[in-house]
Amino acid sequence: MIEVRSLVKRYGPKTVLRGLDFSVTEGEFVALLGPNGAGKTTFLRILSSLSRQSLGEVKIAGFFLPNQSAAVRRRLGVVSHLPLLYGDLSAFENLHFYGRMYGVDGLNARIAEVLDLVGLTARRRDLVRTFSRGMQQRLAIGRAILHDPDVLLLDEPHTGLDQDACTMLDEVLRQVAVRGRTVVMTSHDLSRAQDLASRFDVLTRGRISASIQQSGLAADGLLAFYRQTLEESSQSAKETRPA
Amino acid sequence: MTAQPKFLKILNVVTVLFLAAAILMVFLYAPIEAVMGLVQKVFYFHVAAGWTGMLGFFVAFVAGIIYLITHKRIWDIVGLAGVEIGLVFMLICIITGSIWARPIWNTWWTWDPRLTTATIMELVYAAYLMLRQGIEDPDRRARFGAVYAILGFLSVPLTFFSIRIFRTIHPVVIGGSDPNATGSFDMTAKMLQTFMFSLVTFSILFVDVLWHRIRMGKFADQLEQLKMRLLA
Amino acid sequence: MNQVTPFLRAMGAVVWKDLAAEWRSRELLSAMLVFALLVILIFNFALELDPVGRANITAGILWVTFTFAGTLGLNRSMAVEKDRGCLDGLLLAPVDRTAIYFGKALANWIFMLAVAAIVLPVYSVLYNINLFNPGLLLVILLGSEGYVAVGTLLATMSVQARTRDILLPILLFPVAIPVVVAAVKASGNFLSGLEFIEIQPWLNLLIVYDVIFTAVSFMTFDAVVEE
């Protein structure tokens, strides 16, 4: 579903992604982990077509970025840590707007369906600026799946949410993902990631340095695996640094 | 840092020679104008500087378009160089215009279309530099600069016409003289030669300075890359 | 399913969204209006003119008011998108980028015209001048279109820069001078009842500006929003 080969991203003289390879099969739920500044957000922005790669190949659902970006965008749903919602419009109106932008048929019925899925039917007529952060994130997920995308990209979706809100969010994510959607999620919250994802990749210094399946982990294994990967990564960095 | 290419070294010498020759021509060869006297000689530099200013902005306009199409870094450097140089020469033009106006019309400023347009252009390109300053990402900075250089350059003829029509319908005079007569005088043959020579000289000067500035831009880039590699 | 959402539908959605959101909060319009009225008030004291003098510079005062209030509106309209990340939301949709540009520009134009629609009667009443002149209305339409076309593009740029708020006027005013000059002259001429043939050069200039700058703006919008 997602094929990334030798991805390079430069911002002027700074190289953020250095020949990154990444591949996700249909239905997988991948958690992308890594320290700050490793390039997770940059990578996700490229996958979501908001940013253009400097070099390398990106293929999503059979279409290439950046040349076929419209086709890719139609099949993508994106949730970022910013709400991407209009505070002065109601939940219903927000979804209606995005539905029109995505050319969704049978919009009203679909909106009702989605609101039900994220548990916000009761608040459909309320303005989004009256929503708590947790509710906004749930609505954001609703917005992301409105057009029934094949791929879901989540950039640190748990940011700023308290425990209850996180639990509710995870419920929604499980329901949403279980429909066979492919999901890539970046996260700092290892325990939540471990509960949700089927695969864990670690991004350090512009490349994927390690990858492991859920089945390969012990009970508390993700933390250990993550720490170990970071250790190894900074070791090899010290070795390759010019004298 | 690579050494200056041979052509550039030759150009440096040529530029200095032409400048010296031009100054000599202006003060020794060209006759003193009957009505205005010595101050009229400012005209030779005033127009040439204005011409070079426009040249700089035109270079930025073209470089902007090419950058948007190719996304090659060098065109951003060229565009910035064009604006910086254009800005300086246009300033010289405006100031010499003021110096010229004072003894002739007893005013530091005439709102005539050309001078006013020159000032507005100066503001446009100062805005260009301020725009670039406010943006971190180099690629975005280059794109925004390119777009604004295009907009700015296209607005110039329209600005000029709007002020020109403004003046002919309402010859409002601030400072007591006809603003349309930018010191009109008939040029004798010698004056014409001096004038053309200064135009050519300033054009050569422009190319020389532009080349140097582009080189500087490339070195700055290399420096940034080296810095990044050290910090990584 | 079509790959790209139809242009007009996307553009219409953006316009509707801006108008609906504004109708709810009325933040933008009220800010622009209050500001416009304040400017008119300040002019009254700053210029201290007799009725005759005032008639001559009505056009100037009106257009200064419009341009400053317009800048406020342009800034706010794009800032809303930027702050909540909504600009990304718009760019993620499978729509032609220029549909987004035209949607925003049209909404901004409507806001500016709405301000004019209120300022004109208020000014008429305050200064006892009849401003319901079809020529004047035409000039306001043409002038504000050009202003908003460039302004939307420049606001999109300035909102992504560090020096956000002061940058827009600095970028916009020098480039919008042809519009302002032509609009002021044409408005003044219509108000003094000049022959149409005399006003025509100004209208031509306005139309030329509108065409060129709307074209350049929507052609370069892509370069300004992509990364």
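Letters A, B and C name the chains as they come in the text, with residue numbers starting at 1 for each one.
What we mean here is this: a contact is a pair of C-beta atoms (placed from the backbone, for glycine too) under 8 Å apart; a residue touches a chain by one contact, two chains touch by 3 or more.
This is a predicted model, so every value here is computed, not measured.
*Asks:* Measuring from the mean of all protein Cα atoms shown, which chain centre lies nearest?
*Replies:* Centroid comparison flags C as closest.
*Asks:* Among the chains, which is located farthest from subunit B on the basis of C-alpha centroids?
*Replies:* Looking at centroid distances, A is the chain farthest away.
*Asks:* Give, as an integer number of Å, the spacing between the C-alpha centres of subunit B and subunit A.
*Replies:* For subunit A versus subunit B, the centre distance works out to 50 Å.
*Asks:* Go ahead and note the Å separation of the Cα centroids belonging to subunit B and subunit C.
*Replies:* 31
*Asks:* Just curious, how far off is subunit C from subunit A if you go by their C-alpha centres, in Å?
*Replies:* The mean C-alpha positions of subunit A and subunit C differ by 38 Å.
*Asks:* Of all the residues in subunit A, which ones touch at least 2 other chains?
*Replies:* In subunit A, nothing touches at least two other chains.
*Asks:* Multi-chain contacts only, two chains or more: what residues does subunit B have there?
*Replies:* Touching at least two other chains: 139.
*Asks:* Note the residues in subunit C that touch 2 or more other chains, in rising order.
*Replies:* Expected reply: 227.
*Asks:* Inside the complex, what are the residues of subunit A that reach subunit B?
*Replies:* Per the stated touch rule, the residues are 11-15, 241-242.
*Asks:* Going by the contact rule at the top, pick out the subunit B residues touching subunit C in the complex.
*Replies:* 68, 120-121, 123-124, 127, 130-131, 133-136, 139-140, 143-144, 146-148, 150-152, 154-155, 158-159, 161-163, 165-166, 169
*Asks:* Residue numbers of subunit B touching subunit A in their complex, please.
*Replies:* 137-139, 221, 224-225, 227-229, 232
*Asks:* Spell out the part of subunit C that touches subunit B in their complex, as residue ranges.
*Replies:* 150, 153-154, 157-158, 160-164, 167, 170-171, 173-178, 181-182, 185, 198, 201-202, 205, 208-209, 212-213, 216-217, 220, 223-224, 227
*Asks:* Please output the residues of subunit C touching subunit A within their complex, sorted ascending.
*Replies:* These residues of subunit C touch subunit A: 1-6, 9-10, 12-14, 16-17, 20-22, 24-25, 80, 84-86, 88-95, 226-227.
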